[in-house]
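The structure is given below, and queries will be raised subsequently.
Order as written gives the chain letters A, B and C; numbering starts at 1 within each chain.
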Amino acid sequence: MPKKYDVIIIGAGIVGSLVARFLSKYQLDILLIEKEANIGMGASSANSAILHAGYDPIPGSNKALTNVMAVEMWPVLSQELGIGYSRCGDYVVAVTAEEVQVLEELLARGQRNGVAEIEIISGTEMRRREPLICPDIVAALWVPSGAIGDPFAATVAAAENAVMNGVELMCGTAFEDFLMEGNQIIGVRTNQGDFHCRWASNAAGLYADEVMHKAGVRPEFIIRPRRGEYVILDQAEFQLTQTTVIFLTPTDKGKGITVSGTLHGNVIVGPNANFVDSKENKDTTTEGLQEIWEGGNTLIPTISRKHIIAQFAGLRATGNAPSPDPALNYNQDFIIEIPNNVSGLVNLGGIESPGFTAAPAIALKVIELLQNAGENLQEKPDWNPVRAPRPVFRNLSREEQAALIAKNPAYGRIICRCEMVTEGEILAEIHAPIPATTYDALKRRTWLGTGRCQGGFDIPRVVAILAEALAKTPEEVTKKGGQSEFLYRSTKAVDQDYLNMEALI
Amino acid sequence: MKRDYDVVVIGSGPGGLAAAIAAKENGAEHVLVIERDVELGGILLQCIHNGFGLELFNEDLPGPAYAQHFIDDVRGHGVETLMDTMVLDITPERTIYAINKGLGYLELRTRAIVLAMGCRERTRAQILLPGSRPAGVYTAGTAQRFVNVEGFMPGEKFVILGSGDIGMIMARRLTIEGAKVERVLEIMPYLTGLTRNYVQCLLDYGIILEKQRTVNRIIGKDRVEAIEAVSVDEAWQPIPGTREVIPCDTLLLSVGLIPENELSKQAGVLLDPVTNGPFVDDRFMTNVPGIFAAGNVVHVYDLVDWVTEAGYVAGKGAAAFARDKHVEPGEHIPLTAGENIRYVVPHKLDKARLAEEQVRLQMRAIAPIEERVLVTVEDQNGEVVAKKAGAYARPGEILTLAIRPQAYELVQKATGLTVNVRRR
Amino acid sequence: MAEISEIICVTCPQGCLLRVKHAGSEVIEVHNSGCKRGQEYAISELGDPRRMVASTVRVNGGLHPLVPVYTRSAFPKPLIPRLAQALRQVEVSAPVKIDQVLLADALGTGIDVVASRDMPAR
């Protein structure tokens, strides 16, 4: 008799990981599967890191409900999970009279959604608060409950807390199909074999449409990947007067380009929003850079291209699901449901922005759906909601740094000089409850290689550390799993003759 | 270990090693070199090709042999060394905070500091190279470390962007180790490295160099699968109809170097936005008394010999500062970039210095002049205090000239000196 | 029969593009040379082209897995591919001293390949 899980969660992004973490509170056997080598490598790894206050979504939509509900969850959740969180507030700024009108609409919408303390301030007041802002600004929407987080750290911490509380995690495990008896899901088929379950939860992000279609659910639902490009500025070269989030007035294309502080200290500029043909197309483009740069420059005229230290792009899982309330006439909502025509599926889909913000509320909705479906969820007496943070060397005082090195000498060796990441931090992630096994996983967890030299200094050192810790050869170490090896062979391991040197002879 | 030094040198490349030796030779008793790698020598250790030492030793040495000469000298002089140690912070009062696996958190006091952290390579992001983000995009120096020191080939089929010396030298090096270099692309209409390297690294091996051509896009999901090349006009704008997809597994970037001055800034050292290095006087002292800077941390040199010479000057200055607790506040006059000169190092000159010795200036031209040129140092009245003839002036090659002690009298009357390079 | 070849002189950084009239490896006239060293360069380049060669060889038990090496003097250019191949077969043990001969009389040229640094044992 094969093991039967109570719940299998498909996809370990921010949504799947938080669903796992909140469900781990109950006496359930849970399996979390992830197709990539490490968790959180999809949409959760590349976005604005903004925790939206909730003035943007259409009142009454799933987006609005979960967004506003989650805003109040993040302060506690970030404490429990030991991750960064800063309620720095955000601004939407207007230059023209039409844009001021949009601010009025946002204000009204925010008030209807229940966003606290939202107000419109004058251009003068805005310039007083952020002297670097464009002098043409005539008004701004000030939203004190806007915040910034770290979506990747949140994903790792949530999944880790889930694993601490008994959830099984399998990376490199790709969903292929559902196992069904009639219209009842009894398991999932993966590239690592079949796993049986009573419930499956679709948290497959960009691929959520394909997953639900396998169960015959919502054949008309399609996710169109919408790419957002970003640039990161060198924190030593450019800082906002105070860490905050500043949006251009939104258009129908997106929330508007942002100049935003981050928990890592860098300022980030972006995103644009363009549909692309592939769910893997995270290319940055010259045109996209131009687009976000123009937006960024409109907000802060003094930013300089010379200060760009990284470019990246992420994909939004933009769906076409109508809101549960047809009166809203809104067709880009989150799907959070147990479908009528299939049993045993908790279906999540179209989780684009504000998905990071809304994720913990979505997790609570999943619990509610299960309870409404008759699941008698019993709390574990020993559930531990706390996942202790690991030391971040650069954030410590001199005394704390000295004490840390005295305790563990590996913290006395810097591997990434720009971001001051130590060998101790890298080893801690490799040996964490959910091990980081690739360069990119280490990069996103420790922030190594994200600074001015973009890995030029640390890559050879990190490859050596990963090889030793994982008992691999350096040629087997990858950037992000798959065929992304850094090295091809040892320098002398070639027995070919002079094919490439004919010109000499 | 000791916690109190006369001179602490940060970095053990050619500038740092020379500074340590000179500090010792000029009377500093306790001299310490701090190096972040596991051995002394800096980047020279991975520059295994010949071409070092022609100016100073009249010898054609590989980088490691050049470095070893100074490493042996540092040891012979009884300089203390700390390897595998990273400096985290320097205060203007010259307290140094550093960490080491074995020794823990270190707090050191010193009378003088020589900054010799060298430079770093410009990256993909700094040239805003679009496309996907696969494995297989490396700076030329990182690839050089892998191939020559760590013993691994980072690919089999390469495209190299940039005709700087490191890029061309890596093209040859990779070919010798059995890899294929498909192309070297250069966005400028001229070679940015030395002609010698073009001949001996590219022509010799039949490697194609295409000028006014650059990488337009990186292609590949996990690993680089190809790059898209495109021709550009004088304004670096892509020319329609010139795109070509070149299959390859690795893209090497040799697109420039930037002085590494994050520590300098922490110590309050002011940087010249043109060189990206500290403003220095003729002894290579920065604006912070007692903090000196030498080598590529000041500006990017093209010959190691001049880095060594700068290290000697800075080390001597640091020893004098450590001994006297200050430097005689000599009368400094500014040295400024004049006609067709982008920058001059040092930025100012102590007028009394010429009584002791000559002062070498290093300059970079703005536009290439492919005919005979004259470099002149002129005072406020246009009077020439030093000059040097050359066969050409190119932005890729540093111009150097010494103001000799014979010019002492002339310089005493000067309120400022300007350097120019003109057609002869 | 005489022919004209263009070669870039690398004696100094100037890089003159020499126009050389020659019959096989015998130089008849050199034009466009900025100085008299161009003549010598053309003669050696057409008669017996040589290059300094730098590479690495494997070292056992060293601080690093490779030790850098170079030819003690300029090496015949056409033999460089075979030299590269020969160096792949060389394996030495740490410690290695600078100038230590690691491949003597390479390919019978009489030229030694030597270490360009000390390589201490690990």
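Quick note on the criterion: a residue touches a chain if its C-beta (ideal position, glycine included) is under 8 Å from a C-beta of that chain, and two chains touch if they have at least 3 such contacts.
Everything numeric in this text was worked out from a predicted model, so none of it was measured.
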item	value
Distance-to-centre winner among chains (Cα means, whole assembly as reference)	B
Interface with more contacting C-beta pairs, comparing B-C to A-C	B-C
Inter-centroid spacing, chain B versus chain A (mean Cα positions, whole Å)	39
Euclidean distance of C-alpha centroids - chain B vs chain C, Å	26
Length of the line joining the C-alpha centres of chain A and chain C, rounded to whole Å	54
Residues within chain B bordering two or more other chains	148, 150-151, 176-178, 203-204
Touching two or more other chains - residues of chain A	490-492, 494, 501, 504
For chain C, residues that touch 2 or more chains besides their own	56, 58, 65-66, 77, 80, 84
Contact footprint of chain C on chain B as seen in their complex	38-39, 41, 45, 48-50, 60-65, 67-68, 148-151, 176-178, 194-196, 198-200, 203-204, 391-392, 397
Residues of chain C that touch chain A when the two form their complex	56-58, 65-66, 77-78, 80-82, 84-85, 88
List of chain A residues in touch with chain B within their complex	231-232, 236, 280-286, 288-289, 305, 308-312, 398, 401-402, 405-406, 409-414, 417-418, 420, 423, 452-457, 459-460, 464, 474-475, 478-492, 494, 496, 500-504
Contact footprint of chain C on chain A as seen in their complex	490-492, 494-495, 497-498, 501, 504-505
Interface residues, chain B side, partner chain A - complex	36, 84, 86, 88, 97, 99-105, 120-121, 123-126, 128, 130-136, 138-139, 141-142, 145-148, 150-156, 175-181, 203-206, 216-217, 221-223, 249, 262, 265
